[in-house]
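Reviewing the structure listed below.
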Amino acid sequence: MIHTREEVTNMILSAKVSKGIQWSQVADAIGLSKEWTTAACLGQMTFDKKQAEIVGDIFGLTDEAIAWLQVVPYKGSLPTAVPTDPLIYRWYEVVNVYGSTIKELIHEEFGDGIMSAIDFNMDIQREQNPNGDRVNVVLSGKFLPYKSY
Amino acid sequence: MIHTREEVTNMILSAKVSKGIQWSQVADAIGLSKEWTTAACLGQMTFDKKQAEIVGDIFGLTDEAIAWLQVVPYKGSLPTAVPTDPLIYRWYEVVNVYGSTIKELIHEEFGDGIMSAIDFNMDIQREQNPNGDRVNVVLSGKFLPYKSY
Amino acid sequence: MIHTREEVTNMILSAKVSKGIQWSQVADAIGLSKEWTTAACLGQMTFDKKQAEIVGDIFGLTDEAIAWLQVVPYKGSLPTAVPTDPLIYRWYEVVNVYGSTIKELIHEEFGDGIMSAIDFNMDIQREQNPNGDRVNVVLSGKFLPYKSY
Amino acid sequence: MIHTREEVTNMILSAKVSKGIQWSQVADAIGLSKEWTTAACLGQMTFDKKQAEIVGDIFGLTDEAIAWLQVVPYKGSLPTAVPTDPLIYRWYEVVNVYGSTIKELIHEEFGDGIMSAIDFNMDIQREQNPNGDRVNVVLSGKFLPYKSY
Amino acid sequence: MIHTREEVTNMILSAKVSKGIQWSQVADAIGLSKEWTTAACLGQMTFDKKQAEIVGDIFGLTDEAIAWLQVVPYKGSLPTAVPTDPLIYRWYEVVNVYGSTIKELIHEEFGDGIMSAIDFNMDIQREQNPNGDRVNVVLSGKFLPYKSY
Amino acid sequence: MIHTREEVTNMILSAKVSKGIQWSQVADAIGLSKEWTTAACLGQMTFDKKQAEIVGDIFGLTDEAIAWLQVVPYKGSLPTAVPTDPLIYRWYEVVNVYGSTIKELIHEEFGDGIMSAIDFNMDIQREQNPNGDRVNVVLSGKFLPYKSY
Amino acid sequence: MIHTREEVTNMILSAKVSKGIQWSQVADAIGLSKEWTTAACLGQMTFDKKQAEIVGDIFGLTDEAIAWLQVVPYKGSLPTAVPTDPLIYRWYEVVNVYGSTIKELIHEEFGDGIMSAIDFNMDIQREQNPNGDRVNVVLSGKFLPYKSY
Amino acid sequence: MIHTREEVTNMILSAKVSKGIQWSQVADAIGLSKEWTTAACLGQMTFDKKQAEIVGDIFGLTDEAIAWLQVVPYKGSLPTAVPTDPLIYRWYEVVNVYGSTIKELIHEEFGDGIMSAIDFNMDIQREQNPNGDRVNVVLSGKFLPYKSY
Amino acid sequence: MIHTREEVTNMILSAKVSKGIQWSQVADAIGLSKEWTTAACLGQMTFDKKQAEIVGDIFGLTDEAIAWLQVVPYKGSLPTAVPTDPLIYRWYEVVNVYGSTIKELIHEEFGDGIMSAIDFNMDIQREQNPNGDRVNVVLSGKFLPYKSY
Amino acid sequence: MIHTREEVTNMILSAKVSKGIQWSQVADAIGLSKEWTTAACLGQMTFDKKQAEIVGDIFGLTDEAIAWLQVVPYKGSLPTAVPTDPLIYRWYEVVNVYGSTIKELIHEEFGDGIMSAIDFNMDIQREQNPNGDRVNVVLSGKFLPYKSY
C-alpha cells in the first residue's frame, strides 16, 4: 500500500538504476520534453492517464503507483532551503547574486510584475565550445503584471 | 567616509531615482551588457578603473565612492535565504521545483560536474507573444567536470 | 537623501499619525480600492506619477520621496518568516492549518496549477452579525494551470 | 496498532487514490462543506462519532482508525514554516505582501483586535471569467477585540 | 519626527529609569490592571486618547509620541523566537514541556477548540510562602470551540 | 525491544484511543493532579515504581515499557520551536506578547531573579461564564533570586 | 538620553579600552567575585545603588547610566544561538558533546530535576601545569528536584 | 546488520533500562571516570578493544556492536541547536548568559586563545549543603594560545 | 530493492566495521588517492564501472548496490548547516574566522573570482613534529575569474 | 568614542580603499605572514602594542583605535551561518562535501581527536599552471587527541 508520492518517486529511481533507463527515453516515449518529463517522474508535475501508463510500463510500476502518478504532488524537490548539492547550489547562487539584477531589468522592461513560474518552460542543451562545452539553458515565462484595482 | 560597499550601492540607487537613470543607459555608456552592468552597480561585480569613473560620472559619485566600485564586493544581493519578493521568489521556486530535474539532465548529458556560476552569463529579453509577452532568459555556464585524482 | 523605499514608508506612517489620516481617505483621493492603496503606501505596490503626486500631497512628501513611490519596491511586509503579530499570525495559521485543504480542493476543481497572487485582488468588509460582527474577506485570483510541454 | 493521527491521514490518502474518491463526495455524505470535511480528513479537524463512521465506511478504515478520527489532532498541515509547494506558497505570499495592509484596514474599521481563525469558515468556488477562470475564496472570521482590564 | 512605535517604547523606558517610575503607579493613574498597563506601555496594547495623555504626562512625552500610543502596534515583544532571558525562557519552557499536557486537558474538558489569547487576562501576584515566596499567576481566556460548517 | 521513551508514549496514546481512557481517570488512579499525571504519561515527568505499575495496568503495558516510565525522560513535548497547533500557539503568543510585561512586573515585585519552572505547578479549570465558559489556569512557581557572590 | 542597557555596556567597554581597566580591579572595588562583577558590567546581572556608583566612578559614567546599571537587564550575551567565537564555542561544544552525559549522571545521583543556573556560581582559575597551564572552572548550582503534585 | 553508531547507543540504553545497570558500575568495570565512560556509551567517545568487550559484556551486545564501539563516532548528543530539555538547557543558559564573561576573564588571565574542549575533563559531584544539596562540577581544559605566524 | 544512495553508503560503512577495512586499502585497490576514494565511498563522488566493481568486491555489495555507485549522488555529507562534530567543526571555524581573510588575499593576488571546489584536490598528511604531530592539508583549486560580458 | 572592534575594522577598510594599501604591505611592515596579518586587521586576531602602532600608522588610526586593536576580539567574520559570497561558499562547500572524508582519514591516521584551529597556520599561494593558475593553500594544525580519563 502506497501512502505518499515520494514512495513512487523512489520506485522510479530504483528501477532507473537497475534497468539503466535514460530520462530522454522516457520523454520520447510520452512525446514531451525531457525537462517536463523528468520533473514529472521526480514528483513535481502531474501525468495524465495515458502518460502515467507509459511511464508505469517503462519502470515496471504497479497499478496503484500508476494511479499516484496522476495525483497532483506536493511540489518542492530539495531537502533544505539552501541546497547542499554543488550543481543545484550554483543555481541558488545565481538567484542570490543576480536576484536584484533580474528584478531591476524585468521591471525596467515590463514595469511591476513577475515572470511566471507556472506558465513557464525550460530547455537545457549542450553548447559545443572550444574552451570547454557549456550548459545552455533557456527559461521562458509569461510576464504577469501587477494591476491596481 | 565610506565604510562598506553597501553604502555606495545605496548612493547609486538614490541617484538613479532622483535623476531617472536607466540601467541600459549605464550599460551603453561602459559598453557592456545590461545584465553584468546592473549586477556591478548593485554591488555584485567589480568595475575596473575606467568603468568606475564612467559610472561615477553618471551617478555623481565622489572619488572615494569610485574607489569602492573597484573593490571586490562581498556578494549576495538578497536579505533572506528564501526571498520574499514575488519576482525573485519565482526564480527560487524554479530552483526548488526543477532543481532535481536540472541535476538529472545535466548529469545525463555531461556526467558528474556542475554548470559554472562564475564562467557564466545571462541575457534577459522581452519575447513578443499574442497570449501575453514573455520574459525570455538565456543562461550559459561552462560545464566543469569532477575528476578523480 | 533617501536611500531606500522603507524610509518613504516610515515618512508616510509618521505623517499619518501626526495628521490623523485614514487609509480610506487616501484610497478615495486616488480613486482605487483601500486594499491596493494601503498596500502601495506600505511599500508593496507601485504608484504611477499621478497617484504618487496625490499621495505625496496628502502626506506632505518631498519630490524625492514622490519619485521613490514610483519605483517598484522589494516586496514582503513582515519582519519574520512566521509573523509574531496576533492579527497577522491568524492568517498564517489559516494557511498552515488549511493549506493542504486549499491545495486539494483547488486541484479537485481545476487540476494542477495555482491561484495567482499577482492577477489577484482582495476585498475586506465588516459583516454585521448579532453574535459579534465578522471580518469578511473575498480573495480572487486567476487560476493558472501547469501545462506539459 | 495505530500510534499517530498522521498514519490515519495516510490511510485516507492511500484509499482516496486507489478508489478514486472525491472530497466533495465525502462532504456530501456527511452533509457539511467540502472545506471543513477535507480539513478534517487531512487531520486538522475532529469528527464526531457519526461522521467518523461514515468517513471510515467511505475509505474502508478499521475501527481503530475510526476511533482516531474522533481524537483532536495536533494541527498544522505543512512540512516547513515557509511552504515549498507553489499553490500553497502563493497564499503565504499574500500574507507576506498584504499582511501589513490587512492589519491596517481591520484596525481602521474595528480597532485593536483580530479576525478569529477558530470561529472561522472558508468557501472556495470557481468563478467563470472570459479572461480565464478565477479561484474565488470567501473567508469569514469573527472579530475579537482586545479589551483593557 | 517619530517613525515607529518602538521609538516611543524606548522613550518610555528611558524616562522610567531617569524618573524612577513604577509600572503600578502608571496603572493606578489610568485605573487599570498593572498587567495590561505595562503591556500597553511596552508597545503591545493600544491606549485610548485619555489614557495616552495620562501616560504622556507621567513620562513627559511629546504630542507626537502621545499620538503614537493610540495607534495599534505590531505586537510581539521578544527579539528571538526562543527567548534568551532566563525569566522569559522559563515561561517558554513551561509551554514546551507542558504544551501537549495543556492541549490534552483542555480538549478533555472542552472538546476541540482553543483558549483565547485575545479575550484574555492575566494577574501576577506574590504568594507568601515559608519555603520561599512564590509567583502566582492566573491566566483566564475564553474557550473558543471549533465548529463544523 | 524498546529503544526510546517516545515509543512508550506512543503506546500509551494508542491504548488511550482504543480503550477510551480519560487522563483524569489515570490521575485518580495514582492519586495525583491531572496536570502532572498527563505530563508524565506524555513523557515529560518520571513515575516512581508504584505509579508506573498502575499506569502500566491501565494502558496494558509490558514490563519493559513500565521500566521505561521510571527513567527520567528527555523533556520537550513540541515538534517545532514555534508550535503550529493553534491551542498551543496561543500560549506561545502569550509569552511573546506579554513576555516583557511578565519580566517587568516580576522584577518590580521581587527584584532580579526568575519564577521557577521546576518548583512549579499548574492547575487548569473550567470557569462557568454566561458570555461563554473560560479556561482558568493557575501557575505557581517559586521565586528564585539571583544573588551576587 | 540612554534608551537601552546595551548602550551602557558599550560605554563601559569603551572606557575600559581607553583607560586600561581590568575586570579584577572592578571586582576588588566592589568586593565581589570577578565572575559576577564582569557579568554585571556586561549587562547580565543587576547592581545595587552602591555598587553602581562605584562602577560608574571607575568607568566615568553619567548619573543616567548609573541608574540603568540598577535596572534588571534582558539577559543573553551572545549574538547568535550557536556562538561563532572559538573560546565560547568550545563551551557550547562541551554542552553539545557532554550534554546527554551530564543529564544521565545528575539523574543517576539526584533523580529527576535540574542544576540551577540562578542559585549558581562560577569560579575561573589558572591551574599551573608543566604540560601547559590549564583553565580550571568550578560550577556550583543548587539541585532543584521535580516533584509530583 | 548495524548501520550507524546510534543504533548501538539505543541498544545500550535499552539494555540499561531492562537490566537496571548504573553508569558508575560500567565506569568501575573499565576503571575510568563515570564522566568519560558515560559519554563513550552514549556515542561521544571511542572505546579501545578491551573496554569495548567489557562494555559489550555488561550490556549483552553482539560482536558487531562491540566493533562499532571502537569506531570514532560523529559527535554531538543533542537533537536541536538550542536544547529543549530543562537540565541541559540550564547549561546552555550558563553559556549564553556568562559567555561574554568567561571570554573576558580567560583573556584577562591568559591573553588570546581558548580553553580546550579536547584536552579536557569534567568531574560531577554531589555537594552536601544544609540549604539543599548542590551539583558541583569541575571543568579542566588546557589553555591553547593563538600565536602570530 | 535499494531506493537511495545513502542506503549504499550505510552498507559500505557497515561492512567496513565488520571486516576491518581501511580507506587507504580501498584507494590502493582502485589506484587513486585516499581522499577522492573515501569521498566516493561516502556518497560524494561517482565511481566508474570498473572502480565500482572493485569497491563492490571489497565491501561485498550486490549488483544493484554496485549500479548505484555509478549514479551521480546528491552531494553534502553533513546533517546540519553548522556541523556538531568537533573535528569537522574546526574546519567550519577556519572558514568562519579566516573566511574574510581568504577572500581578501585571493582577490589581492588574482582579482575578482573564486577558487574552484570542482577542479579541486586535497591531500591530507601526518607531519612529524616534536611538539606533537600535525595534520598537514594541501588544498589546490583552479582560480576561476569573473569576467565582464 | 569607539564602542566595538567592528568600528575599527571599518576604519581600516575605509582607509585601505582611500589609500590603496595592500595587505602584503602591512604584513611586511610588521614582519609576519599576510594570512595572520589580514585576519588581525579584519578583527579576528589580536595585535600586540608594537604591531598595533605600526598598523595604526599605516591606516592613520587614532590612539583609541590603536588601543582597540590590542583587545581580543569576538571572532567570526561572516554575516550568515551559510556564507552567500561565492568565494567563501566554495570553502563551505568543501567542508560540506568532504567533511565526512576529512573526518574518516584523520581518524584512520591519528585515532580519535581533532586538527587544531588554534595551533594552526595557513599559507595561500598562486600556483602557475598552463591550464589556468591555481590557488594553493596549505593548512597545518596540531593533532589534539581525545584521551580517556
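Descriptive notes on the structure:
The letters A, B, C, D, E, F, G, H, I and J name the chains in turn, as written, and every chain counts its residues from 1.
Following the convention adopted for this analysis, a residue touches a chain if its C-beta (ideal position, glycine included) is under 8 Å from a C-beta of that chain, and two chains touch if they have at least 3 such contacts.
Since the structure is predicted, the reported quantities are computational estimates derived from the model, not experimental observations.
In terms of residue-numbered contacts, A-B and C-D present the same interface, as over half of their contact pairs agree; the other options in C-D, D-F or B-D do not. With centres taken as mean Cα positions, subunit I sits 31 Å from subunit B.
As a whole-number value, the distance joining the C-alpha centres of subunit H and subunit I reads 28 Å. The geometric centre of subunit E is 46 Å away from that of subunit J, both derived from CA atoms.
Subunit I and subunit J have Cα centroids lying 24 Å from one another. Residue positions 35, 74-76, 78, 81-82, 84-86, 93, 96-97, 100, 103, 107, 113-114, 116-118, 144 of subunit I each touch two or more of the other chains. According to the touch criterion at the top of this document, the contacting chain pairs are A-B, A-C, A-D, A-I, A-J, B-C, B-D, B-I, B-J, C-D, C-E, C-F, D-E, D-F, E-F, E-G, E-H, F-G, F-H, G-H, G-I, G-J, H-I, H-J, I-J. The part of subunit I that touches subunit A in the complex is made up of residues 1-4, 64, 67-68, 71, 74-76, 78, 81, 117-118. In the complex of the two chains, the subunit H residues touching subunit F come out as 10-11, 13-14, 17-18, 20, 79-80, 82, 84-87. By the touch criterion given at the top, residues 32-33, 35-36, 40, 45-46, 51, 72, 74, 103, 107, 111-114, 116, 118-119, 121, 144-149 of subunit C touch subunit A in their complex.
Against subunit E, in their complex, subunit F makes its touches with residues 22-24, 34-35, 38-39, 42, 44, 75-78, 81-83, 85-88, 90-110, 113-117, 120, 122, 124, 126-127, 129, 131-144. Here subunit J touches subunit A in the complex through residues 82, 84, 86, 89, 93, 96-97, going by the rule given at the top.
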